[in-house]
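Note that the chains take the letters A, B, C, D and E in the order they are written out, and that residue 1 is the start of every chain.
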């Protein structure tokens, strides 16, 4: 694919399990994601498919019961995670900031915005002089009106949209190259969501920030990002540029998902997808979507489909496209 | 500064006002702070004190006392007949404390001159001298200075509030500090009229008692010279092992332990039933094991008290006889319908052993005993009516003055029903008459004969199981404290001292240099 | 500002509750059998003296009238006279209460320092052996009644290894400082009598420790629980992701929001000590308020009982207000919430 | 077409801690719902949609104004409504997690209205519940499950089954799918539309998802800060949004295709924050965010203007600068 | 039809079994909960069969033997003997009876009363009678349970029944407040609103819709409280307000034995340890119950 130097973030074969009392939830099943410098990538999928887990793995803040079984993550050419047989190498990525899904939960309720921002400026950006100025600048960058007042406010004194922008400001204050935004607009109203998304888009363009935008809304993904990864039950089932995905969705899951979304054009609503997402305790051996897939063959139940490049830059993990394309090994472009 | 000190413990509260206090702990303080006209000897007789001599009219109704001259109050004023009159009237008007001793007798009191005071009695009173030990003389002017508003007319509160924490006495010690619930600290009164011997304690401190562990620790640390008498036996045994500490036991003649039987409440309203219980009581165990050193009681009056009938025959522990008596009672055959209730006093933990022992023994003759542990306050409340008075009450009673008559009157005269001192509700007109008659007899010998008759009659009626004449057990620092009581015990002398006089600090000595 | 309005409202409301408490306890203590006047005067006092005292105590009046008479006196600062000590109850209380407050203040200190630090340690090293040890220790702390601790401490630290005094408030040889506040420690420090202050402190260490064990253990567990809970919150994850040092996170960012629950509970625990400390005070023969209260109850000391219960009610009220203030300090939502919502 | 529900000048204010200050959750709104309609109430969070719904079903008593159900005055709380009415009007709540009693089995949950309204017990109750489960396409072994063992979408289906149980004719659906994934939403919407046809139901459908509304409703009312700013037939509103707020909403919808993109009004961008309903700005409540705001918008409340038949807008842009306050009421009268 | 019905019953049973199994799983996840359960069961067992398991059952009744007083722990008397020569172990076993009885009776009185008050107060919040009963509750809450119990017990006669009454009087408000708080937070939940809108009667809503959801916290509080009620009972008997001798009570045994410290330490230390054991047992059980009811899958 593209030049190695241009890769901001690369996630390879990431497997994350959670240990719970019933057993082990095999959540992430070999995720591969690549983000170029300055590129905006969307990670789309329904609730519980593992989007947040993916981002947390990058940040090194997985829950205590998480088990990393394989994977390698590189940020700006620097290896920050590698799992091999004996040990897990992990370190905090530099220049990566994360914006959490719920802005209310992501802000410490008992400290002022200023106190929290200052810490970020000090420790994440490493700035020790004019800390407050930096912090206020970040707030201004995030288009918060009256930044110096907000600096002294507590989170609960702000509206949801403002809080989300504060979170963005905090991410900016860390001087990142990469922003991981985890459903940053789910809790916001439509018109406010629009504002926040436009802000993110503008910032990433202006500051050449690479960005992973996690969302469950394909619409949001399309309007904000260059490329889209579609995730289903801990696997990437398809990825391509935004245009391609909607013009030519390949994976049966992607197709059904897109069909489920009500359109402004008003052509009615499709049936949805029958069945349920798989149980992570005993996920299907083969393709995780197979039990719900109308095209599933025996093969689908037995082996995992690799990613097929059907068009240039359009990959899909489905045996339906076995013939139509050459197999791309997940790690092929690593060398 | 505090080196020369005697510290002792006793149950709180301690009222140091002689017109209010009358308990053991009150008396300990009062006898040291105040003087009385006559003073008790340890054989039960009295000797001149503030009064150098006295006269009694032939009908026994007029008593004239001649006061010692030059006696000084702690304020420096001289004690005169006026003060005696004032103190007597104050006591009688307030009606608390020892007033009950004098109220039935004293008609009026007048100062004939500065040093002569005369009591006019309503009726002759044989043991008047013994009683007078309990008439303590206050400094009239000092009291009047500290009067606050109160119910006693021009005397306001009669100085009562002030006297809770101060004294107005002439006794060998004076109040230094009163700390509620904690202690009364007294300092030697150097100008005391009786003079001082060397090594008399500079300070005397009466402290509130504590749990046994604490007491033991205090003794071990030499922070307590004489313990109270309320500790469990095991505790005394442990203290006896501390070097330099001695445990002494003596029967002070003033106190006996009774199982008072409510004679108006079934089933103890039946004399045979009562006798059965008296036979089912193991006196020896109480005297030997539970209150070691005590004497098995011989009738209603403690044996060491003047006026006790030495010929009287006590009950014995005999279950056979108990069953026989039980058969004679009207409750025979329906015993299970009449459980017997017993209250014992929570403040005296040893009583529980007696209660449990009675329970075990009564069970052997088929009587079911239900025992209740009660704070003394509740027992007092219960004693106020026949209904609330339990069948049996386990109570110590102390003589208020050193003669059988006092004990008999407070224990068995109808007038004392409704108080904890008579949970028997005997209300026997004959006994009442006999007691009144004896008390009015001025001649000592004649009076004592009448006492004997009453005691014999009481044994017949069996209103009470007289358990023991109680030995007082105290541990003290024999190494550096001289304590007359301990000396008498050593010599095997009989001790009949009114409450409190055993701890008369004036006669003690302390050698701080020997304390280690 | 609005926070103070809120607190004042709380206080006014609490006064209402205290009225209720006084009525409740007045009724309870007045309908019981036994004549307090008779108990007070002793058995041998003549009837006329008892009657006079009944009259003095207004016992001859109907209960409603008695209540209002009592209330009137209360408003004048007169709690009545104790039947046992024969003194004005205000005077008794002014002696016992400071003594108790000294102990309680020290236990509060122990509770807070031991409890919160153990909890913090436990959370910081959660699921390690240290956490396990602290867990077990705090369990034992919680389930062991204070009087059992008291007996054990007395046995060990003043009997077997006599390093602490057994009983009382101050050593016999030491003159207590002149009364200013009633607290020997404070008065001692104020008047330069450091010896007395130190000796008093020495006396209250064991009882205060015994009293604080349960609360400290409870606080440790609650602190741990809320810290472990909050450690999974996004804002802590974010702080970790931003590379803020763990030490700072645990000491500041995580601790502050986690203290609200343990501190509220602790404040109530501490207020409860005023009433519940009697067994410990009994063991250490400490002239405390709680013991005074129990003695009053056992001796049916009418007005003393009412006063004691009322003061404990006041302590509760104060504790609640203090909780509000502390929480307002810790939690800006409570501090400024009212302004914001309107 | 028969009017099944008529709301007239409905007001619902909630008192705040401060005396005399109210949350004007619903402020003088009027609309009609016709039989077998899907009437959509759209607006952002806090605009008063749920309050309207709750007042209609009787959870709140109106502060003022009237509600008629089939010409029957029901402008009062649930306590004063006859049992029959409680059977006729049902509601499905937004959050499937909280609308089912966590300690009851599905049988008990769906069975409750049946025992109350139909006095069913025992076997007949079970049969009826099974029938309802079938209606929402859930298997019969759900009967004894507890809500916590059931996924979100299925919970909502159970809530729908409960609403259907007493055979109502009017159902209020308060954001029934906003907590769910799109694929599940599709299924539930399908079911709802099918049932509407089968059982001849009328829906008051509350949502903030305009794309969804586009596909299911025939009439829409758009709320902003307690007021209806625009209402009319669905097609018309989408093809030609009149009120600036409607335009802003439409332009904020993230869409999937170019075709949809084309439907979005381009000339308006979302700015500013939604004010709190306690401090409703004077004049037109939207003026703080409106790109077309004029002086009058800051001073005077705009009147209701019927710009087309059945299409009402509350905006000065359409009132031709006339004084709104008096006309305001007239408009409502004539319209209703 | 018959078959269908039968299969329904089976279904229901299976569902029930599944629920119990899962609850047990969650409960047993922590070994300490099981330890607690075993301890509680042993205590209950010992209490019930005290006359058979106690080595000297007669020592719990009217019995004295001053000859063998204060014997240190030995094989014959594992906990030693007291000042009356009675076997302490036997007396401890019998003391479990009153302790449990105290706990159970108090909770049986307190929980329904407290819950009902709390339910009414919470559900009708804002109505005058709700305000009234909750204010009354506040009044009781302003006094710590031990103090209130002590005041009442001191004023009544010292019997087990009276001390149970005294503890109950001071304990119900805590349940009232717990249930009140929970009811307030639940009463606006959509599922309650749904029941109201269906026209369910208020009584039924309170007791059958709302109350079952409180059972978890109530049950947890009950198991935890069991220990504290017993402790309060012990504290009352410590100051002599409670069951009367010779019936053994743990508190009395500790306070009486304290006099013999440190020489005859076993007289008070073993009963004190037993108090700790009981509270520990119920706390461990309570934690397990809480775990079972609150933790997710």
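Here is the rule we go by: a contact is a pair of C-beta atoms (placed from the backbone, for glycine too) under 8 Å apart; a residue touches a chain by one contact, two chains touch by 3 or more.
Note that the structure is a prediction, hence the values are computed from the model and not measured.
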In how few steps can one go from chain D to chain E if every step must land on a touching chain?
1
Can you list every chain in contact with both chain A and chain E?
C, D
Which chain lies the greatest distance away from chain A when centres are computed from Cα atoms alone?
B
Two candidates, A-C and B-C; the one with more touching C-beta pairs is B-C
Measure off the straight-line distance from the CA centroid of chain C to the CA centroid of chain D, and report it in whole Å.
54
Geometric centre distance via CA averages, chain E-chain C, whole Å:
25
Roughly how far is chain B from chain E, centre to centre by C-alpha average, rounded to an integer in Å?
47
Report, in whole Å, the distance between the mean C-alpha point of chain B and the mean C-alpha point of chain D.
89
Taking each residue of chain B in turn, which ones touch at least two of the other chains?
211, 213, 375
What are the residue numbers in chain C that touch two or more other chains?
154-155, 159, 283, 298, 300
In the complex with chain E, residue positions of chain D that touch it
54, 57-59, 78, 83, 86-87, 90-91, 93-95, 98-105, 112-113, 116-117, 123, 126, 141, 143-146, 159, 162, 166
Taking the complex as given, what residues does chain E use to touch chain C?
135-136, 138-144, 146-148, 150-152, 154-156, 227, 231, 234-235, 238-240, 254, 258, 261-262, 265, 268-269, 272, 275-276, 279-280, 283-284
Contact set on chain A toward chain C in their complex:
56, 59-61, 63-64, 92, 96-98, 100-102, 105-112, 119-120, 123-124, 154, 156-157, 170, 174
Contact footprint of chain A on chain D as seen in their complex:
44-45, 151, 181-187, 189-190, 208-212, 214-216, 234, 238, 248-257, 259-260, 263-264, 269-271, 273-274
Going by the contact rule set out above, which residues of chain B touch chain C in the complex?
2, 7, 13, 15, 20, 22-23, 94-97, 99-100, 103, 151, 160-161, 164, 179-182, 205, 208, 210-211, 213-214, 217-218, 221, 223, 375, 377-378, 380-381, 383-384, 388, 410, 416, 418-421
